[in-house]
């Protein structure tokens, strides 16, 4: 029910992955129920069906890129909105059963994306170990715990939950890698602007792609709206037809972003609003802050121009 | 005083020119006072000084182009606004004292712009006559009336006023030539929208001209605002520095044009609002009607997008 | 060695997947060696190291979108170029050991992307079967063949290779789904234009993203170059920094595309050329053909403009 | 005949105006014949008819703006090209017959544009004198010489030619006012680039004006071609239909400008090439120098991009 804080949370499982770790940074989730889902579609369907109030799912990773299934499922079916984002550093650890020493490791279970992100470290420290693909970071930890493989690449929470010993931490080649998760709910009145918000959109454009995408970008550019993310996804109809997922600076209730939304609605085949929510300020130094608006495009300029227009309409041309 | 209909009119003289003819199409001017001014600056200064309520001056001609002095003077000094436009067919006549026959004409007095517009006719009908430059169409009629020259090229009203006989009418080479006059007053509350309005602006842009002018046009294009006139004038500071005079479709009180104005205010060094007023529908077939808005840019689309945005803000994403 | 047709091929394995099926449509590959690689990086590294002449890897799927690892690896390290594309219909089959009847199936092995694409069919025909995630379509077939699971969702070639019986074919929910594979080699002289070519690029843009991406699109739009694909990938440095993968119509040796490339080189932080190669015309009805060039932008217009410019330079202004 | 230096010059008369003064800065004209024409059309027609080799006519004035008749006539009829520009400071003087003292002056003959440009000086120094409009600066000097009026506002050369005494010089309100004249000939092979050239064009655009003019500017902007002048003139068909006169930096034989010309030819209804010629470097401090090209758009960048493209085409991707 809009206005009621969520108490029943679902997240992309299994237990012991980064998604659970991200969810537990939300205090309401600490006090509510937390249910793992087998897949992103299952998590979002639980919210759509009213079985959960909010779902925590990954949206993008600074190494692996967009999480396609999340983008696809969020626009498939009834409307959902993002109410919060959480940016979590990706800290892979090498974990094994207590008593294992690094020198004895012959097999390492890892999700393929995890082993890709740790390729350099593995080449230097475990050049002779065989890396075995498994289906999730949580599954890797479980497989090490069960003795199926000697060790696992997993999240710290996975080692804890499966009572593994961390033999090495921060083993990712990119120390600054992060994953961005979003909390998704059924639509309700917009959250009030926080002063530093993100608005997520899915826009569908038709026919000629150069011109149509140019038009989309111009709608934003002329309002001084900054674009912090753009992803294309196939619509599934044919190669070459896309939906674009955009993250813009600003809030749906801002005059500036409102104008841009209204413009997009006019030039696009369809626009789906995916929520306005506070930007997550995480500790890391690596995220790009949105650039300052171009000259003449600051909020002060915008307010000045609005006041000038109001004066014009009363005949005050001073 | 704003709201009070003007009663004291001034117009670009002398008497017997197209400007007087244009002024007399306004019923308030038929009942008020009508004073000729020696020049456009004198006419506009009379309004600025409060000695007249409104000035009727030429703005552009479909053959001769913009009337530079009007553009320059309207932005020099205290603000003035256009409250009305009048488009008048330019019908030149060959006029002479009663009794003159065309075959006997040896000298023709004409303003240089008038003789240029009648060059073809003169070559065919008076190949041997000498054309003498004079300073206005009214002066041409006066010179023919006084016997200084055998005939004059002038406006019909000039022939009437100087009691000349019209030997040939519609002698301009372009039959569809028109002059557009504007009625200029001191600023007051905007006239209510008529449903088919023009808004005139002067915009000043700085530095790099390709990019800056591109930005101006984009502000209009993304709002679906049509541009029906663009003129550049030197600012007088140096070669290569310009002010652009724009005529747009729409009214300052329209949401669509208001957005565009606000945008221009942000990207231009300066914007001067020169009035919103009803488009003159004249009988002629020759004026371009403003083109239909681009796809997705009609007023219906605009209203739909506004309603959609309002729904989004309440959380209604259906 | 440039000019020598490739004889040693590597492809994304394991055997029995769509990649092998795509490779076997190339006659040179039928007569050369075909080695499966464990991963896309391994396949591309084999080409870079000179251990293979060409690698066949997936680039995008009309349902699942871009294959991120291919995009990332193709621009990481020494230059590689695409010399050919193959678009293959994705025809999933349900396969099982001979003698299995559909009614008895309790477990189905499938790669998660495969089961996602067949979700509708599974719900209708095997509502009670448990779908078990495995790491590839080939692994699914192998697991069914070994008796680990009752059946597999796999490619036709996987059923053949593992001697499974096809119980149902064309079980994907989107009948028109296709995967686009590319054949990648070390750089050599460009193939001659075929008259219907694609050019692939990776462009890196800096700083302000709206403006920079606008500039990229304008470089293409003003030359009438069509964009048939745009994908963004994170550069790995931080959230919000992207490389864009573009597919354009035309060939690097065309004057029109050459101009556009030269322009991109000037406005982008970096441009990597990924090859010009013939567009694959597959039997399916589902691919978008590139739209016709905009008015004034056809090849005839382009040639006319070139001839006109050449005349101007000789002083011929007729 | 192309290649033969002009010897027969015509200029906008009468004698004793700025046009004659400008012509005499050309050494070939000092040694050739110099004939005044009664009007700009007459001067250009003499060149078209082969009665003169070159015509010197005014193109624009930093105060009065474009000289409409020159723009209109240069595109009416057979092609002509500009081969040279001359920028001349506008130095108005107050001149009278010898013996006249300033205090005694009651009447001043002046062309209306001249008196407008000296309005401030006249108000301060001759507040009680009556200014009488005449048809040219030369006519003003002649009228003062004949005793018809007490004094004249004219060019220095007018005072000299009519043996008047200069009572005050530099009386224009804008000290930096300049007039730009052009020398116009029949077409011939382009002059070789001088390294700092101007190219003049007339472009005709159709239909929707915002979009069409946007396209013109984009063709220039994406090639880094600078626009130093833009003037609109009515085409004479109807209000709202324009031809745009553009001055661009660069030479028709430059690769960069050639590309832009080719692009304009494709997007415009018509493009008329009006010549490539050396920019006039005059002594004055007031002219805007063309701005530096945008980042990535210098000639060095352009050459780098061309070399890179050439390498790509040979397969060299290093």
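Chains: A, B, C and D, in written order; residue numbering restarts at 1 for each.
As a working rule, a contact is a pair of C-beta atoms (placed from the backbone, for glycine too) under 8 Å apart; a residue touches a chain by one contact, two chains touch by 3 or more.
If you want to know which protein each chain is, UniProt gives these names: A, B, C, D = Prephenate dehydratase.
Note that the structure is predicted; figures quoted are calculated from it, not measured.
Visitor: By that same contact rule, can you tell me which chains touch chain B (Prephenate dehydratase) and chain C (Prephenate dehydratase) alike?
Guide: Output, common partners of chain B (Prephenate dehydratase) and chain C (Prephenate dehydratase): A, D.
Visitor: Could the interface between the copies chain A (Prephenate dehydratase) and chain C (Prephenate dehydratase) be described as same, meaning over half of its residue numbers are common to both, or is it different?
Guide: same
Visitor: Roughly how many whole angstrom separate the Cα centroids of chain C (Prephenate dehydratase) and chain D (Prephenate dehydratase)?
Guide: Each chain's C-alpha centroid was found; their separation is 57 Å.
Visitor: For chain A (Prephenate dehydratase) and chain D (Prephenate dehydratase), what's the span in angstrom between their mean Cα positions?
Guide: Centre separation, chain A (Prephenate dehydratase) to chain D (Prephenate dehydratase): 59 Å.
Visitor: Calculate how many whole Å lie between the centre of chain A (Prephenate dehydratase) and the centre of chain C (Prephenate dehydratase), each centre taken as the average of the chain's C-alpha atoms.
Guide: One centre to the other, that is 26 Å.
Visitor: So which bits of chain C (Prephenate dehydratase) are touching at least two other chains?
Guide: Residues 218, 221 of chain C (Prephenate dehydratase) touch two or more partner chains.
Visitor: Among all the chains shown, which pairs meet the touch rule set out at the top?
Guide: Contact pairs between chains: A-B, A-C, B-D, C-D.
Visitor: Can you tell me which positions in chain B (Prephenate dehydratase) touch chain D (Prephenate dehydratase) when the two form their complex?
Guide: 39, 41, 60-65, 68-69, 87, 112, 116, 133, 135, 174, 176-178, 180, 207-211, 213-214, 217-218, 220-221, 225-234, 236-242, 286-288, 291, 294
Visitor: Quick check on the complex: what are the chain B (Prephenate dehydratase) residues that touch chain A (Prephenate dehydratase)?
Guide: Listed in rising order, the residues are 2, 79, 81, 187-190, 215, 218-219, 221-224, 252-253, 258-259, 261-263, 265-267, 272-273, 296-297, 301-302, 304-306, 308-309, 312-318.
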